[in-house]
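In the two assemblies presented below, subunit A is common to both, partnered first by subunit B and then by subunit C.
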Partner chain A sequence: MSIMELNGGSVIAMVGKDCVAIASDLRLGNQALSISSNFQKIFPVTDRIYIGLPGLASDVATLRERFRLRVNMYTIKEERELEPETFAHLVSSTLYEKRFSPYFVEPVVAGLSKLPTSTPESPKFKPFICGTDLIGCLNFAKDFIVCGTASEKLFGVAEGLWEPDLEPEDLFETISQTLLNAVDRDAFSGWGAVVHVLTPDKVITRTLRGRMD
Partner chain B sequence: MPQQRQFNPYSENGGTILAIAGADFAVVAGDTRQSEGYSIQTRYAPKVFRLTDKAVLAVNGFAADGNILVKTVKQRLEWYRHAHAKDMPLRAIARLIQTILYAKRFFPYYVYNILGGIEEDGTGAVYSFDPVGSYEREACRAAGAAQALVQPFLDNQIYFKNQKPKPGQSHPTHLPLDHVLSLVIDSFTSATERHIEVGDGLEIYVVLARGHSAQGLSNIPGAQEISQTDEGERVFVVRRDLKKD
Partner chain C sequence: MASDGGAYSYSLTVFSPSGKLVQIEHALAAVAQGTTSLGIKATNGIVIATEKKSSSLLIDSSMLDKVAVICPNIGIVYSGMGPDFRVLVAKARKSAQAYWKIYGEYPPTKVLTREIATVMQEATQSGGVRPFGVSLLVAGWDITRGPTLYQVDPSGSFWAWKASAIGKNMVNAKTFLEKRYNDDISLEDAIHTALLTLKEGFEGQMTEKTIEIGVVTVPTPAELEASQVGAATGRPTPTFRILSEEEVRDYLAL
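Moving on, here comes the complex of A and B:
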């Protein structure tokens, strides 16, 4: 029995033109038995950072709270907003602390990071995505990150559908089609999906139904 | 101390195969890398074989078993020609492969087979098999090391899964040849990018039914005609390079 396959679930993040998208399925299972079709695996960290946590459901809940604590501590101490790159390293060190009794979660971070040339009058952002393994080894990909039980399928479809510099609506379509078609070939993922597209001025969140079997 | 010895008769040689049926053609493709573990044994070991003027077989899994299987099938087809003075029809070849595979039910040929070609009624067909001969006629199928990468992509692009047609319109049941060929090439370049057992070369066999022009092959460089029947079925092969790393 694989612990990563106990509850199932998958997450994907993609880079677009001045935007990023992160999406996951909504299944929570106990091995082959599906328990819930509304189990959220993606959480907002700041207005411009989202984190996806596919893996063991109890560790998803634990880590969400741990990250909330550490992000709040950072914001209070530093008196400034957390950047996605910083958060990625926070995720990495949190996981590596448990090097020999790890959290069974492979996080995906998606965000927009503030450029040095950015001013309060004209803010400028750069899309950022990153993934880690369960002990926090960072992977800064320039195109897309896939994680979870459907990762192999996600790789195949994403490699075929993704292209550089997609506008927010096209990026939404690409990430949705990639996720939906990948989880339809995975027994441990599916049962609906949620997609977040982060743009400089808003976050678009949509829930997709997909095949509910 | 008790000692145990074991002989393992099977091995897994990587690679991926793929076949798509059109209305009046079939495309059967496979990469040419053959590997064992992390080692590449050869960069050119064909996995796709022409059986008759309108049937092509792709074999993936344990290469030794695959080669013997193809040899057996070809021999049975020759015997059929001698007995009946004609080529065996595609659906009969499919059933023949089932009986050959199931004859070894308890010591199977460790191979996944995909048979593509032209049916007696002139339609393009793809038959896919499991190692013990269970088979099914389909419009498209991927098998082998990168099946998990390619099949969901095909579900989306061939069967239009999770896509809604424009109001008043419907999705096509069969795609034109040039479109199918570009999907095959995209599938293999994607699989090569993300799977270590896929790469080196790509062999695409195209079987055209009588009356089908080779129009879709015109923008694919290096298409080579292999055979042609008096009735007009034609078989082409396209060879392309894939990344070697």
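Moving on, here comes the complex of A and C:
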């Protein structure tokens, strides 16, 4: 058993047409013993950036707070909002600081980044997702990022179901089906799921009813 | 100038009764003896310029760097002590790279200016050091605020200018700039105005060899898109550059 499999859990992010979705299961366990069906792994960073943190639960909580500190300091110091690409690099450098005694988390970042041609009157956004390994190697994907104990299953279902330019409602269906069916095949993930769909105007959060086993 | 502060003028960490840190006053005097530099912010860029005054004809002034690039989007020029400037440039460049290492992009002008100003302030509140004998003009472009021009003084205070001059001829130069500056000035006009302002107080011949000019330009949306693609490997489009001798000669000929 590896330390990454102690608590269990999986996260997936997908790109759609002018939207992104990020979803995770809600299980927290101690190896085979399930403890909670309500364990949050996806956290808002700004209005338009969400980060998913699958892996060791203790490091999930610690990193959530370390990122909150760094993001708040950035926002106050620079008097501007973080963009997803910048936050991704911040995640990478935070993890690499602990290269030789790492955080056992493999974060997934999903967000909408402002285009250079965007103006306050007509803001324009581009969907952005990326994942990193536990020491901060960035992976900028154009379709989907998967992570956690069910990652291999998630890869398989996502490859099958994903297609480019899905509208927010279709993206929600696709990511939900991908997550639910993949975690059903993994003993350490499941016990409920939550999906966030980010569009330029709003974020829609839905909790899914899955197999509670 | 007022009395030199007496016993309070030697230790930097001691205030004089009138509330001054006399060492900083002396540092400003060192700056006022330096060659004139100026900066002008236009709607589509910034120009910073300085005299390259050499004390002897035998000096190879083409090897002298008075306008320095800190990172692709920020450049600085100074008035005062050259060696102090060199040290600050090295620290500023390192600070910009440290920022890159964390965020994958170069710092906005205000953030870098604040870092430099902090370094200069630390030299006014530490034991056994003296203040930096330079004033800096920091010019840069960033996506949030566009082109911005800051002045940093030996005390570590900094503030933004639309147009400013520092050094020997600063009073006359600033008066000249006040008359000629307007908020809609374009970069080309700003360069022209900068040259005229420098000429006002210039001792000796003003040629492409005796002045140095740095320019901040605004990238087009197309250039910005290109540098954003593949954020991991996208190279930032340089927005600050030092004009070559040929370019300066062309501007002088106008």
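The rule is simple: the second predicted complex is superposed on the first by the 213 of 213 C-alpha atoms of A that agree within 3 Å, B and C clash if a C-alpha of one lies under 4 Å from a C-alpha of the other, contacts with A are read in each partner's own complex, and residues count from 1 in each chain.
Just so it is clear, a residue touches a chain if its C-beta (ideal position, glycine included) is under 8 Å from a C-beta of that chain, and two chains touch if they have at least 3 such contacts.
Since we're looking at a predicted model, the values are computed, not measured.
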*Which partner does A:G160 contact after superposing on A: first (subunit B), second (subunit C), both, neither?*
first
*Thinking of the overlay built on chain A, is A:T207 touched by subunit B (first), by subunit C (second), by both, or by neither?*
neither
*Can A:N181 be said to touch subunit B (first), subunit C (second), both, or neither?*
first
*Does subunit B (first) or subunit C (second) touch A:S58, or do both, or does neither?*
neither
*Which of subunit B and subunit C A:E85 touches, first, second, both or neither*: second
*asked:* Tell me the contact category for A:E152 with respect to subunit B and subunit C: first, second, both or neither.
replied: first
*Which of the two partners, first being subunit B and second being subunit C, lies in contact with A:N30: first, second, both, or neither?*
neither
*Which residues of subunit A touch subunit B in their complex?*
152-153, 155-157, 159-161, 176-177, 180-182, 184-185, 210-211
_Partner subunit A, residues of subunit C touching it in the complex_ = 101-105, 108, 110-111, 114, 143-144, 221, 224-225, 228, 230-232
*Contact residues on subunit B for subunit A in the complex?*
146, 148-153, 155-157, 161-163, 186-187, 190-191, 193-194
*Could you please specify the touching residues of subunit A with respect to subunit C in the complex?*
77-80, 85-86, 88-90, 92-93, 115-117, 138, 140
